[in-house]
Amino acid sequence: MPAWILYASDVLNTLLLLTGFFLIAYKRLFPYIRAYTVQSFLLAAFALMLAIQHGGVHLYVMAFFTLLIKGLLIPWTLTALIKRLEVKREIETTVNVTMSLLSAGALVLLAQWVAQPLLAHQTAETSLTLIVSLSLLLLGLFLMATRRKAITQIVGLLTMENGLFLAGVAITSGMPMLVELGVLFDIFVGILILGVFMFRIRRTFDTLDVESLRELKG
Amino acid sequence: MALLWALLLLPLLSAAVCALLKRASWVVYAHRFSTAVTVGLGLWIVYGISQNGPTSLIAGWLRMDALSAWLVLIITLVGGWAAWNSISYLNKEVQSGACPEGKLREYYALFHLFWGTMLWVAVSDNLGLLWVSVEATTLSSAFLVAFYNEKSELEAAWKYVILSSVGIALALFGTVLLYFSSLGIGEGSEGLLSWIQLILHSQQLDGGVLKLAFSLALIGYGTKVGLSPMHTWLPDAHSQAPAPISAMLSGVLLSCAFYALLRFHIILQVAGLGQFSSSLLLGFGLFTVVLAAFFMLVQQDYKRLLAYSSIENMGLIAVGVGFNVRWAVFGALLHLLYHALTKALMFLASGFLYLRFSSKRIADVSGVLRSAPKLGAIFFAGAMAISGVPPFSPFMSKFSILSAGFTSGHGVIGSVLLAGIAMVFAGYLHSIGGMVFGAAKEGAKEKGQEWVSLAVLLGVILLFGLYLPAPLNNLITRVLEMMQL
Amino acid sequence: MNLLIDIMLETAQLLLLLLLAPWIRGLIKTLKARLQGRQGPSLLQPYADLIKLLRKPERFSEHASWIFRITPYLVFSSTLTVAALVPTVWVPLPIQFAGDVILIIYLLALGTFFTALAGLDAASAFGGLGASREMTVASLVEPAMMLAVFTVAASAGSTNLSTIISSQALAGGLALSPTQLLAFVGLFIVVLAENGRIPVDNPATHLELTMIHEAMILEYSGRSLALIEWAGSIKLLIFFSLLINAFFPIGIALDVQGTVLGIAAFGIKLVFLAAVLALTETVQAKLRLFRLPDLLTVAFMLSLMALVLRFLLGERF
């Protein structure tokens, strides 16, 4: 494995982990979405790097579609949603930022522990990728659980998917292309549907704070 | 072959047609026609599989075997009934002004789309395609749950989409891990995603990774099945949706999700790790049954009551598979079908109750037997059926699971299950009995033939309790062979 | 002979830091001005300021005690001591036996401590305000700084700064591993906090709402102020050197022969880092005081992650 691939992979992984932390640290909506966009770009770059390394056409296609859908289309949709719905730009959290950051650290360590049985099969290059991807998965879950705006829940979900994609390409260097494309398409449609729901929720509830969605209980 | 393609593509085509047609009456005609053809095709194909064995449509992608056929049976039967009843249910809604006529197109188009995606789940051999199809079922049913855009519906639909997506993301990870465990076996040192290929090469798969993959799939697909503690979206979504959709969700969609889980379990079983996966299923299933039984006792909304009952029954099915002995799994597979039919009956009947009494609260409904005798009788009979009273079919399946559990040494678990089932029975008797008997409350007069199709469904449920048709027996036997039981 | 070279080297090191420090301050100011579309002061302005201050008479508050008077000298001398220990162009330094990282951190902390005390000592409201804010920041920053430095120390197997830098330089001179990059980001945030730069503190403000460091030294004048300002500039330069050399010591002079290359390498990296800082200061707004713990927790988390991952994942990382 050429040295520059190793280096590039390490740098990309570090930056991805950084975006995960910044998602937790930001309290304003637009930097939050920007962090996700940067994350998607890094993901596409990672796929591109793998494509150059392994040379399969489907990896190039994957990199392109990741960039297109996750890096451009989805952030654009989210930003348009925020502007149309005139969402307040502050993110309220149920856990304050300091605690969130400490929990994020704990989650990264958890990811490292969970990855152990898989790491046994890994070469040195892919073990960090696996840990970062699991961290993103857990961080995304954490975001969904502790952020109160509907939009932030969606971004949490998207972060989880990013982590999954990374895990997928890390350990398998890409699943069959059709499957990956199907997954991407599903995600995009999912976002659209959630967007429509946000409009309807806004109309009926007059707020996008998901904490107010608690009529149905028991 | 061609018939199978027709079955897969017809619903999608019908969805498009329904979306484009202008007049409501045309849409209903299209819907009737499409439903009839889909059900006919489905049953014919199922019969074919039961006689001739598995058939592969696109190698590595689409394949139908006995288990697929079993699911297709459920999908077509229950789907057909729900589709048929939608017509009268929606007609009443349109008459009462709750549903504008223009919205009918939306309903029927989405209905067929939803129906179609579930058929695709049944026929997917490629586990990645399976995942995409399951996600598609969530997405296509989301708007059906929030059909009237009421506050409670939106809340339910939001929770439904978000929680299902989280669960399904984990299931995707499980799928990726499964692929990973097979790296190097496929051609060109790729991995395998084809279920049948994974089964054939099961001995070469890495055990540790398989276990992790199954655990993730259990949590992931288990969220869609309604296993606790991931079930929180289910009572909301199933109670807020229009009645025929609730029937589809509870009866068919839960079965589809369980089917996906079962596919993973069989791989582990064949690879020699059946003990691991069945214990997990047993644990989650038992927890689900107990939790749901308790919740059922405090319900004040009868549709929520039915939703919790679905959770409890899916838990029971999981326990059945978890016992991992022949007659328990036999019972579990049967229960998939019987629960689907019976729950569909109950939801459809409850839909008509809602139309009469305009309330979902148990306290607001009483004396149905007096104001609408046939509906009331069917409703009560259905409740008895689902709680496991003989000679209805759910009794057979539950009995099979329980007795197999006791004889295979799971005495404690069996007793807990029995207690849970007893609680459920008591709960049903109390709430449904209270609704059906007693003084008549305000309600519309009995009109229309709505009870006829429900009576037929009840009849089928009763029939299966007395006699299992040979083709069905064939199918189950083949599935059990697949599972090495 | 060797002793003579050692003394020359050490003196050169000290002189370099002493004389270069105000220039760096001026460079950052000018770069910021240019980025904001202004002309900016001349690069030699800080020297002119220092000379002006040294010549002016001092005034002390009547409530001030000996602490107030001795603090400027204490801060200046401790900072100068650290300057003698942090390699810039040459490594290892002749007095490297004393150059332990923990000692360096605590020498700097000593300066901060006394500055805070002096702020309280002058009995002015602003001094107390600045002192309490500064202590809050310091308590969060110190662990982050330690952890970040320990991460590089772990690779070198020693907490002696010269050893760390030499081993890093011999291993290729570029910190390419993920954990070191994480530690770098953490340490960068620490540098912003320790030196009172935006987004933590505004070095040019005298508004009550926004001052931290400036509030503590508000009462100083004349020679004392000159010493404190100078010490501040040296501290910034020290941190820059730490950032540059602990992570990217490529081109550093390992012996006298490499001096020319060492000076060039250091100069280029220094200017680059100054530009990055100027950019950061221009692009960011100062954070609200309540949000400072969040930023510093980020730095802490990053450094902690870096260190823990280093130990969990092993050598290569």
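General observations
We call the chains A, B and C, going by the order they appear; numbering starts again at 1 in every chain.
Assume contacts are C-beta pairs under 8 Å (C-beta built on N, C-alpha and C of every residue); 3 or more make two chains touch, one makes a residue touch a chain.
Just so it is clear, the model here is predicted, and its values are computed rather than measured.
Taking the definition of touch as given, a chain qualifies here only if it contacts subunit A and subunit C alike; none does.
Per-pair tallies of C-beta contacts place A-B first. Averaging Cα atoms per chain gives one point for each, and the point farthest from that of subunit A is the centre of C.
Each chain gets a centre from its C-alpha atoms; the one nearest the centre of all protein C-alpha atoms is A.
With centres set at the average Cα position, the gap from subunit A to subunit C is 36 Å. Centre-to-centre separation of subunit A and subunit B, using mean CA positions: 31 Å. The distance from the centre of subunit B to the centre of subunit C, with each centre set as the mean of the Cα atoms, comes to 66 Å. Residues 7, 10-11, 13-14, 17-18, 21-22, 25, 27, 97-98, 101-102, 104-105, 108-109, 112, 124, 127-128, 131 of subunit A touch subunit C in their complex. Those residues of subunit B that touch subunit A in the complex are listed here as 126, 128-129, 131-132, 135-136, 139, 142-143, 146, 149-152, 154-159, 161-162, 165-166, 169, 172-173, 176-177, 179-180, 183, 190-191, 193, 206, 208-209, 212, 235-236, 239-240, 295, 298-299, 304. Interface of subunit C with subunit A (complex): residues 176-178, 181-182, 185, 291, 293-295, 297-298, 300-302, 304-305, 308-309, 312-313, 316-317.
Within the complex, the subunit A residues that touch subunit B are 117-118, 120-121, 137, 141, 144, 150, 153, 157, 160-161, 164, 167-168, 171-172, 175-176, 178-179, 182-183, 185-186, 189-190, 193-194, 196-197, 200-201, 204-205, 210, 213-216, 218.
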